[in-house]
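What follows is a pair of complexes built around chain A, which joins chain B in one and chain C in the other.
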Partner chain A sequence: MAAAFIVVRKEDLEAQQNAESCQTLRCLTSELGCLTRSDGSVSFSQGDTTVLAVSYGPAEVRINQEQYDKATVEVVYKPKVGLPRPIDRKREAILKSTLEAAIVTSLHPRSSISIIIQETEDLGSNMACCINAACLALLDAAVHMAFMVAAVAVSVMEDGQIKLDPNKKEELEGRATLTFVFDSADLKVVSVVTSGTFSQEEYKKSIDLTRLAAERVFQFYRDSLSKKLMQSI
Partner chain B sequence: MRETPLSNCEREFILKCIAQHKRLDGRSAYDYRDIRIAFGVSLGCCHVELGKTRVLAQVSCEVGQPKQTRPHDGVLFVNVEMSPMACPSFEAGRQSEEGVELSRLMERCLKESRCMDLESLCIVAGEKAWHIRVDIHVLNHEGNILDCASIAAISALAHFRRPDVTVQGEEIRIHSMEDRTPVPLSIHHFPLLVSFTFFSQGKHMLVDPSEKEEKVMEGKMVIGMNKHREICTLQVTGQMLLLKEQVLRCSNIAVTKVTVITELIFQALENDKQARLKGEKHGFAELVSGEKITSNKQPVTDVPVSQAMEESEEDGSSSMDSDSEESESFTQHASEERKVEILAKGVGMIGDGGPSKWIDLTCDDDHAESKKSTKFKPELIELDGESSEEECQVVLDAS
Partner chain C sequence: MKVCVGQVTLPGDEFDMSPLESNKKIVVGPGLAEFEGMIKIIKPGILRYREPATYWIDSHQKRYVANKGDLVVGIVTQKVGDIFRVDIGSSEQASLSYLSFEGATKRNRPDVKIGDIVYANVLVANKDMEAELVCIDSDGHSNGLGVIRSGGFLFQSSLHLVRKLLNPNCVLQKTLGKTFEFETAIGMNGRIWVRAQSDIQTITMANAILASEHMNNVQIETMCKKLCKVASKMD
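For the complex of A and B:
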């Protein structure tokens, strides 16, 4: 399937050359409540990777999905081109189990909490971006959560160098891509998504690096929400 | 989720307003809402806002076999996705009647108006041709998805570039983006759809209906037109009779609307082109400014590598699951923390509670908070009194 084409900018190339010594987390932007029909919505971007996430709930649930002791979490991921492929279904499953851990589902038995994610621009670390956007959408909808989740991706390059928050090019060139999801309570790992081959040493290194970066993401959540809520107090 | 129906009194109110030549959002009958056209970083990605209605269109291409009946032509495919993101009543993966109508109309607008030169997409006659696919995603449904989608689709097609191809004898070479500058699709004209809604037997007519107006309308007429005043599509739905004059009036209005919107599309395309040439920042992420209350921007942050290394040396026992071959592992450690603690009959608690740690409240706010909590207490007692076992009230602030 031929996807959309990407033009690499001059600054990006320059930034890439300078970035050898210091690891950077790309620019984060969010717009809460950008859509009107949903309970919670956010347009979230990490660098040029942009994702739109929406959450509904707790609302009525389809009878065959009803659980008598907790809420059903549904995740729908919409790719930008074509119909959802098996890889997108897998992504949905990962998102679902991650978010189920974060949401206090026992508070809303016999109801559904649904999250819909629309890919708008995939230019690297899309999975991490999806998880972060989903978390912000849930926060915007004021769904009860035991903790927040933040995901950060790293790429292990051919020479064993670890690149934080990779862009599309680095993701493709790298030998492995690892996405770690941390919780806000005590920065423990909630879920790990990996592809490719890597050593234990590289895994350890990336987990420590992403944990530091995850703190920045949590700070960003806090900033964006307090900025919005300050006005209503 | 089921859609919330419109109440009778609201319906009557809207109709009464329309009869008095007023609209809910203060527009006059022939006004369009504000249109914003934005392009993404990838080519052929267009995002259009029509008031609060939002549509995203993405064009993609691949090489495939042309249709047997038309061996010299490429193929254009239009797909409209109404995801539950736009409106809770839309279902994922299944097209509603509304969705089918929409995609058929879009197809008619783009394909049958012959706005795109399909012959130029042919690589080898009868064997290889470009298949162009337009995916239209409805993101937010606040009425008049159709007009918004048609703007997005045609702008995305105009923005798209396909890779260059050279044919030498039997060999076909598709050049990468870096190798050769990609080629734009040849588009002859920009057909746009304009919808008109009719009320009280065609007596009142509105342009660009909002979602509520669409719910109370009697009928709808859609005119597809380009800026050369050529009608590409015309469709009338609903149970009403239209006079000849009314149709003519609509087409005259469509002319002015289409001219304005086409101009807007050209402007947006030109702006994007200039930004790309200058190497300025472009794309959706740039549209979000940190100035609004609801939006936030955190610039590029450095994460010190040395600190991470030190930490890893300090605690060697950092949670490393022994088998790295397994591609995913999920740990749910906080399950014991989120148990509901039953304090008394009908009163439960989760966590420790306490004041909000998110925002520092000044003393004035403290006062307000204490007021709130006193107001809250009687409710608690009341609940205790009537405690039916099924009704489990959960109190987060257990002070």
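For the complex of A and C:
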């Protein structure tokens, strides 16, 4: 058995801890088209938070959900273990209204566009990860969209410090967690999901911070889609 | 972000109209739409251009949306009165009248059963209406369209692969044709039917077609050579 040791000097460790005040998004990775039978699929991760998103559409719609002037958007969220709880239903509703804004539903009346999200690992910023994964799955399926959406979360810590893209620990320790969704056309807010208490000042600061981070997410979309399209077209 | 021809486009990008003359009329195809006087991209893909002034987005997708004039491979799922319901892979089933077959009259009904594969032309395709298929051209001839009932193998691929196969520059079918005798029906809806002289050859063909998705012409020729060598030993 081989063992590896990393020797860290005390000064370096301290420097690393001091440098933490600089805000970073965790590493984004995606695998487009990871399932073969679906119209669009992606395995997306933000740091250690991972979800699998699948999209179908425009497909056949159940008669009671049919809308004569636009497509019906359905979102199903599958938790890692157990049955979906009310909190998952709430998440579905948020995802649905966010994605409905992005998809050009009027182009496919009497059809359904369904998105299924399977949580694989929730280690912070899960809502943001779900929205980003859903958007990538729709892009993989080449569904008509007016713009793309990107979500970024922040946590407001007890001391008022704002932490970008929090992990599970930071989310639990924080006083509030805010998730902002931006559109790609002019980086305007599409939806906001918040929990906990925060001041107006903190809210404004969070918007500015997440807007900058959202640009990085859009760049990531462009890079991963370019890679896929250059290979296949 | 503004995009030019040949670039990767994503929804929300803006079509760069600055190189165009202001009074020139342009034709926008799939993936482009007008929003508030601007042309925006609504599909991820690559922006393409053809003379004199046609622009469209070439994208990779698996779901078919019916288009007028497309040749599609469908599966008959139901008989309702005078029409057949045909699954063509789009959001709803298409209808096919029993009179739109070669030589069909009110008295002489065509022999179509549920589960049959039909190769048909899309006559009506509209987002607000059900798609309508026909198996004849305007002169009443079948021209290769109609029920396919002589064995073979039907499989599904991406719409982009179909467009690639039907491109006159694609060498796959010509190269395979040098060794195999085969029949194919390639539907714009991503369904491909093949039949060669033996089952082994049919499966070889199907695999060759699916494998060619990410290959260029040189790679396709090399692959076909290898496949033909192996397949000829198996017979």
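We adopt the following convention: the second predicted complex is superposed on the first by the 212 of 233 C-alpha atoms of A that agree within 3 Å, B and C clash if a C-alpha of one lies under 4 Å from a C-alpha of the other, contacts with A are read in each partner's own complex, and residues count from 1 in each chain.
Just so we're on the same page, a contact is a pair of C-beta atoms (placed from the backbone, for glycine too) under 8 Å apart; a residue touches a chain by one contact, two chains touch by 3 or more.
The structure presented is a predicted model; accordingly, all values stated were derived computationally and were not measured.
Engineer: Just chain B (first), just chain C (second), both, or neither: which does A:Met148 touch?
Structural biologist: A:Met148 contacts chain C only, not chain B.
Engineer: Check whether A:Thr29 is in contact with chain B, with chain C, with both or with neither, and answer first, second, both or neither.
Structural biologist: The answer is first: A:Thr29 touches chain B but not chain C.
Engineer: Contact-wise, after the overlay, does A:Leu209 reach chain B, chain C, both or neither (first, second, both, neither)?
Structural biologist: In the superposition, A:Leu209 touches chain B alone.
Engineer: Can A:Gln67 be said to touch chain B (first), chain C (second), both, or neither?
Structural biologist: Neither partner.
Engineer: By residue count, which of the two partners contacts chain A more extensively, chain B or chain C?
Structural biologist: B
Engineer: Look at A:Lys78 in the shared chain and tell me whether it touches chain B only, chain C only, both, or neither; answer first, second, both or neither.
Structural biologist: first
Engineer: Of the partners chain B and chain C, which touch A:Leu229 in the superposed model: first, second, both, neither?
Structural biologist: Touch status of A:Leu229: both partners.
Engineer: Between chain B (first) and chain C (second), which does A:Ser184 come into contact with in this model arrangement: first, second, both, or neither?
Structural biologist: second
Engineer: Could you tell me if A:Ser43 is touching chain B, chain C, both of them or neither one (first, second, both, neither)?
Structural biologist: The first partner, chain B, only.
Engineer: Quick one: classify A:Ala59 as touching chain B (first), chain C (second), both or neither.
Structural biologist: Both partners.
Engineer: Where on chain A do the contacts with chain B and the contacts with chain C coincide?
Structural biologist: 38, 56, 59-60, 104, 107, 144, 146-147, 183, 185, 222, 225-226, 228-231, 233
Engineer: Over in the complex, which chain A residues touch chain C? Could you list them?
Structural biologist: 38-40, 56-61, 102, 104, 107-112, 139, 141-148, 183-185, 221-222, 225-226, 228-233
Engineer: What does chain C use to touch chain A in their complex?
Structural biologist: Contacts found on chain C: 8, 10-12, 31, 33, 35, 40, 42-46, 58-63, 65, 90-92, 127-128, 158, 160, 213-214.
Engineer: Which of the residues in chain B end up touching chain A in this complex?
Structural biologist: 1-2, 40-45, 47, 52, 54, 56, 58-63, 79, 81, 83-88, 92-93, 133, 135, 137, 139-142, 161, 163, 177, 182, 276, 279, 281, 283-285, 288, 290, 292-305, 307-309, 311-312, 318-321, 324, 327-334, 337-340, 350, 358-359, 361, 365, 394
Engineer: So in the complex, which bits of chain A are touching chain B?
Structural biologist: Its residues touching chain B are 1-7, 9-11, 21-38, 43, 45, 47-48, 50, 52, 54, 56, 59-60, 76, 78, 80-82, 84, 94, 97-98, 101, 104, 106-107, 114, 116, 118, 120-121, 123, 144, 146-147, 164, 183, 185, 188-195, 198-200, 203-205, 207-209, 211-213, 216, 219-220, 222-231, 233.
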